[in-house]
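Each of the next two complexes has subunit A plus one more chain, namely subunit B in the first and subunit C in the second.
On to the complex of A and B.
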């Protein structure tokens, strides 16, 4: 059975996920998204994975959420608050969400994972570090190259070509 | 552990449902990116939860890789938003039609 910390964390996570999509202002929405990401980090702490939790806090709450916040602030003021929604589409989306939740939830509740519990100690984060530099080292290098390539690609995409350098300084 | 594996999977199913709703209903590019983030986080939660209950270090390792790749994806997505906003002065995906034949 779940304990109180788990219940509080799930309320925070799911509630702020709904708020991130439904709040009228995009700025408050991105702050609510920070709540979701932080709640997931809390779940990682509950799962005895402090390394992943701190990575999540540093990468998601620390950098991605702030990046999203800055992008939102670049957008025109009336677009931040504008909400275009088709009501028929909204009901279809709600139905899709309910079908997904009920179907997958029923499958999970009916399957064998309901009986899985563990008393074994958690994986030590030293093992993860050793895994990274021994078994997974080609993937680690590939990931570094992908990160460098995508950040360079993002910079090239966002560069303005219609502004000359001397115009930029004035 | 007092929490069972199925609790974590149910939270992740709820987050997946919310993300699918956001992708289906919202027409704002930035909000769709929020929904994608929520779905990716639900997947990460599953990875770490199954890795904890096996127990095996592979779950956490894969979650770390997934977080890093998601960071790259968000950087590219946000720069696409900036480019599209510069071209159309809007973030509504219904207006991004220059590739439509």
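On to the complex of A and C.
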């Protein structure tokens, strides 16, 4: 069962990633990108970490993909893209990808990941929370400061004075 | 005005009835009965209690409550029942349909109009069925230059996403929820994130000006109000220490969280109005400016599906408000216990005594929980509908500044209130709960 789901997810993820690169229509490309990100969320579900999976869905599919869609819809495609049909570049890119993937795969297989067998229960998100406030508290405080800074910045940016004009008499 | 067709003749009508009966009998005897015989010949019927289960015997058993009630009970314990009937799609769709009718009638009364009146003789009670029939029978028109795959898929995906949202809502104690997941609230956030994508894709795919303007507005509005929505719910998570919606509901048996976190409840209510595109935040569908916003090009049952999804979403948001802030299913026990004498003696009607072993179908706590949940949810839906009769629409820059500056600030205030309650020992371990 898990193997079949894993295979299906792999096909969806890799297939839609290729589609995202190759499709001529930018909108369909970003939909395919959503498929890739959703497939990765599926992998996290398979790995017994629904917490990460749901954040993947909420942040990547829900926000990043929306941003990309938004940008694609508001920008005229002809202004930023020139069609460059160069078969040599394409083959070079494919070769580069193959080399990278083989190298990464070799590193993975060499790292002893095949011999790991574990029946341990999945990590509870409460444990992650407890770890964050005890052992990793400096990281937590750093993240909190960065996030607070960015939220304050966003608020300051959003709170601007309206441009007065003649049409709106308030 | 005559309700009959102009060239109506009673004799023709009776003749057509006889015609239909003749054809039905002919088809049953020539096709139906042989088909049943063939099926019976090839299917091996089971032997139960030493008796071969013939169709005749099966029909006899169905009339016997001591045999049929266990079947009903077994069906009610299945996932299928939960998904399709209660507390899943059927229950939510029923409440949503009621909402549509009550909304039209109530707004009419608020604005001194009559509202639906003729359909169904009594106060237009059948208006909804009439509208549904009209939508089903209308032709689906697709704009010539629309992007057809996305345009067709968008309403279906919209309803599916709304139904997934409904599936996370716990309705009654004892596990009456479709998907009881540990991370239910995170699941809600993930599902809410899908609505803007579907909206903007359907708006873009129509390839028409008004839907696109409406879709862009919807995207702005939903994305900017998602942040205060998520932040306003963090207070409840902090004081309960769980993300499971059933546990959050059960944790409010003494007091609802709105008592301690009123700021969060107000922020959540306002963001809810914006996410649902209700007045005063109905810029995406502003009918006086951009026809019907992102719904302009939908026709026939596609529009019906989008409408169904919208009202399912409305029910789900109201139910989420009830679960998080108003105590969910908790309330004083007002449902009477199941009468004992029906269990022991059965129902006596003159000389006939009918015994129903296997009753009751639902226990008292579940019925009471459902009753309170429905009362609270209907109340919240009423407060969501009310502004539509009263308020004008606000400008989009006011909307965005409201979302980004005021509501986010208030949501942070709510989080600090929750943390203060927790660290002061009022709530949490050592405190009230």
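Criterion: the second predicted complex is superposed on the first by the 126 of 170 C-alpha atoms of A that agree within 3 Å, B and C clash if a C-alpha of one lies under 4 Å from a C-alpha of the other, contacts with A are read in each partner's own complex, and residues count from 1 in each chain.
FYI, contacts are C-beta pairs under 8 Å (C-beta built on N, C-alpha and C of every residue); 3 or more make two chains touch, one makes a residue touch a chain.
The model shown is predicted, which means the values in this text are computed figures rather than measured ones.
Enquirer: Applying the document's definition of touch, where does A:154 land relative to subunit B and subunit C: first, second, both, or neither?
Expert: In the superposition, A:154 contacts both subunit B and subunit C.
Enquirer: Is A:47 contacted by the first partner subunit B, the second partner subunit C, both or neither?
Expert: In the superposed model, A:47 contacts subunit B only, not subunit C.
Enquirer: In the overlay, answer first, second, both or neither for which of subunit B and subunit C A:61 touches.
Expert: In the superposition, A:61 contacts subunit C only.
Enquirer: Counting only touches as set out at the top, which of subunit B and subunit C does A:69 meet: first, second, both, neither?
Expert: A:69: touches subunit C, not subunit B.
Enquirer: Of subunit B and subunit C, which one contacts the greater number of residues in subunit A?
Expert: The partner that reaches more residues of subunit A in the superposed model: B.
Enquirer: Touch check for A:34: first (subunit B), second (subunit C), both, or neither?
Expert: second
Enquirer: On subunit A, which stretch or stretches are contacted by subunit B in one complex as well as by subunit C in the other?
Expert: In subunit A, residues 51, 55, 63, 125, 151, 154-155, 158 are touched by subunit B and also by subunit C.
Enquirer: Under the definition above, what is the set of subunit C residues touching subunit A in their complex?
Expert: Answer in residue numbers: 147, 150, 181-183, 186-187, 189-190, 192-194, 196-197, 200-201, 204, 216, 219, 223, 226, 243, 397, 400-401, 404-405, 408-409.
Enquirer: Touching residues of subunit A toward subunit B in the complex: what are they?
Expert: Those in contact with subunit B are residues 1-3, 6, 10, 13-14, 17-18, 20-21, 26, 29-30, 33, 36-37, 40, 43-44, 46-49, 51-52, 55-56, 59-60, 63-64, 67-68, 71-72, 74-76, 79, 83-85, 89-90, 92-94, 96-98, 100-101, 104-105, 108-109, 113-114, 116-123, 125, 127-128, 131-132, 136, 139, 143, 146-147, 150-151, 153-155, 157-158, 160.
Enquirer: With touch defined as at the start, can you tell me which subunit A residues reach subunit C in the complex?
Expert: Counting only subunit A, the residues touching subunit C are 27, 31, 34, 50-51, 54-55, 57-58, 61-63, 65-66, 69-70, 73, 125, 151, 154-155, 158-159, 162.
Enquirer: Name, in rising order, each residue of subunit B that touches subunit A in their complex.
Expert: Spelled out, the residues of subunit B in touch with subunit A are 1-11, 13-22, 24-28, 30-31, 33-35, 37-38, 41, 44-45, 48-49, 51-58, 60-61, 63-65, 67-76, 78-83, 85-86, 89-92, 94.
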